[in-house]
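You will see two complexes here that share subunit A, one where it goes with subunit B and one where it goes with subunit C.
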Partner chain A sequence: MKKELLIAMSMVITVVVMAYIATLGGGLGPLFSDVRPLAKAFLSTTLDPEKPLFTAMSPEAVTAIVWDYRGLDTLFETAVFYLAIIGAIAIYRDVNEKVGLKGSGLGLSKIVRVVTKVLIPINIAIAISIALHGHLTPGGGFQAGAAMAVMPMLLIVVFSRYFLLELKLTKGLALAFRSIGLTGIALTVFLPIIIALVNGVNAYIMQNQMKVNAPVGLPAFIGNSLISGSLILYNVFEFLAVTFGFSVLFLLLSIEEDIVKDQMRGEVSEH
Partner chain B sequence: MDMTYLLLAISMLFALVATYSAIVERYLVKAVVFSALQSIAFTLALYLLRAPDIVLVYLPITVGIYPAAILFLIKKSEEVEEL
Partner chain C sequence: MIEYVMVVVGGALLLIGAVCDLIGALGMNRFPNFFVRLHAATVGVIGGAFYPLIGAALIAFGSEYLGTYRWFVGGCALVSAFLILILAPAGSHALARAAHKSKTAVVTPKVADHLEEDGGVK
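The block that comes next holds the complex of A and B.
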């Protein structure tokens, strides 16, 4: 009882102190009223065809910052995420996911199954829409991938892991799609360089619109649709990579602990 | 404007209660549920603070994927925290 009181007291004190610090110097006021100078600079250039050297040609300032203004930061953040996934795959490298393959009779009740079947198309539609509109409205590749990755997790919990294996969504296939996504991101990074080499001009990696002394710009429009140059490519490929990266993790995590231990013990006794 | 502050205060107070419950709960599955509830309150707060990009990534990660990963870990280890 004394311990619970201690936890509650420390939480209350932390919240009060944090709230007091937040009110110093005007507090939350500026968050709701003024736009800060840095934000003004981004907002005034993010979709302005009259400033071709500074614009990202996207009305969505957050996606423009994430994949254009500070694109390399995002690239390395993505690398950290995939290194973590590679670590998980390395730990499970010798575990055969198909051992103990069972048919029907697993998973939750019929009510939950039907509700899940209704939810799945909605989930897919929302995720794809977040990915394809990532350069126009809030959202983007990672957001869409995270929304989509909920689906394999739901399927594993509601229908069991073997249901996904019967749908042929194995570790190998998920890894292949993840690799297609990552290759796409890498190609998009070097796309301006390739275009520049062909035309004999200069370019930067991850360049979207033209810059000083680097007149390579990816097309901002297809017909009358705004696609914001490289932003839509990054969003779509990141969507693929994140969706299937998480799918690999769930496929591996959901293997029964007994099967994993048996197979790992088998590996030790062989050598 | 005042409504925004009021909703923000309510959601953060709810988050505080949920966090406390998650910390003191000894049954880990229940603790994960409290943690997800706290995340829902945070999602509302982030929306009120005008960060829809964060909302879109925060909701599936903290309510879907993170509890699922923790639940898998709980299933592989122990369900009750030993003091």
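The block that comes next holds the complex of A and C.
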């Protein structure tokens, strides 16, 4: 009894202290009242047309840093993620995903199906808006792809894997779209160099706005809307690649274990 | 005046939410089997998340000093409330159905199990 009282008291004290820090203490502001010089430098240059050699033309400092200021780092992080997916595909290379096709009568009950149908358009709209606003608001390509990849996951759980196959979303198609996304990222990396070669000037790899000695800059505006040069391209292509990369994984991981094991044993016995 | 009423009603909904959360937590700890514990969890979700979100939306709509942004805050709260309203029952339904169908959760102590009397989940 005494121990339970102690636990209850400590929980109450934790909640009260957290509430005090979050509200009466003025939020977490006073703990970090100074903005560091490095952060100041980034915040004052991310969207400043008057500093054309330093700006990324994006109000969202995180996206500007991730895809512009330290773009190569992000590129190789993305490569690591896709190497992991390629590993999974290599393990499942001889597994036929269409074995065990049983029609569309599988899945959860009608209540869950209807709710999922309501959810799907919301999910798609949110994911696309995160991707297209990645250079304006928190989010970006990877987060949008992760949000979109919830959809094949939901469809597999609620309607069964064969429903996706009937929608023609097979491993091959998902791989093709993933490759389109990755090719788009690669093309965007070399886009400034191509433009520079045509015009006979210098350019850097993954360049967004113009730099010293490299006067090639991708357009920051279309009409009146801010697109931040290469950032929107990176976000959209990363969105495609992540969505379908995750879809491939979910499609492979949802194959029944027995089928996978049978087919893998069959492969071993042939050799 | 109407703003003041909205803030007061919103605060009352927040209070109801806190009470429902407490009841749900007690039920999760003290109920005897999976299905009634699931019931307690749903009390915590609908009572403890849906009502407070509506309350938060009302408070936001009533707080004029927030300016135009109060419509964004309140709208987000209403959309979240709607999503929770349709998702939480579907999720708990799927959980309960799966648990009953796979016989992982034993219904004991049992007063009545109409699903089993009808021949189980098909």
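Please note the rule applied: the second predicted complex is superposed on the first by the 239 of 271 C-alpha atoms of A that agree within 3 Å, B and C clash if a C-alpha of one lies under 4 Å from a C-alpha of the other, contacts with A are read in each partner's own complex, and residues count from 1 in each chain.
FYI, a residue touches a chain if its C-beta (ideal position, glycine included) is under 8 Å from a C-beta of that chain, and two chains touch if they have at least 3 such contacts.
The shown structure was predicted, so the numbers you read here are calculated from the model rather than taken from an experiment.
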Q: Once the structures are superposed on A, label A:L119 by its partner contacts, choosing first (subunit B), second (subunit C), both or neither.
A: second
### Query
Should A:L253 be classified as contacting the first partner (subunit B), the second (subunit C), both, or neither?
first
Tell me the contact category for A:V15 with respect to subunit B and subunit C: first, second, both or neither. first
Across subunit A, the partner (subunit B or subunit C) reaching more residues is B
_One more residue to check, A:P219. First (subunit B), second (subunit C), both or neither?_
neither
Exercise. Can A:I111 be said to touch subunit B (first), subunit C (second), both, or neither?
Worked result: second
Which holds for A:G266: it touches subunit B only (first), subunit C only (second), both, or neither?
neither
Practice item. Look at A:G172 in the shared chain and tell me whether it touches subunit B only, subunit C only, both, or neither; answer first, second, both or neither. Key: neither
Residue set of subunit A touching subunit C in the complex reads 108-109, 111-112, 115-116, 118-119, 122
Touching subunit B in the complex, subunit A uses residues 4, 7-8, 11-12, 15, 28, 31-32, 62-63, 130, 138-140, 142-143, 146-147, 149-150, 153, 157, 246, 249-250, 253-254, 257
Counting only contacts in the complex, subunit B reaches subunit A at residues 1, 4-5, 16, 19-20, 23-24, 49, 52-53, 55-57, 60-61, 64-65, 68-69, 72, 75-76
Residue set of subunit C touching subunit A in the complex reads 83, 86-87, 89-90, 93-94, 97
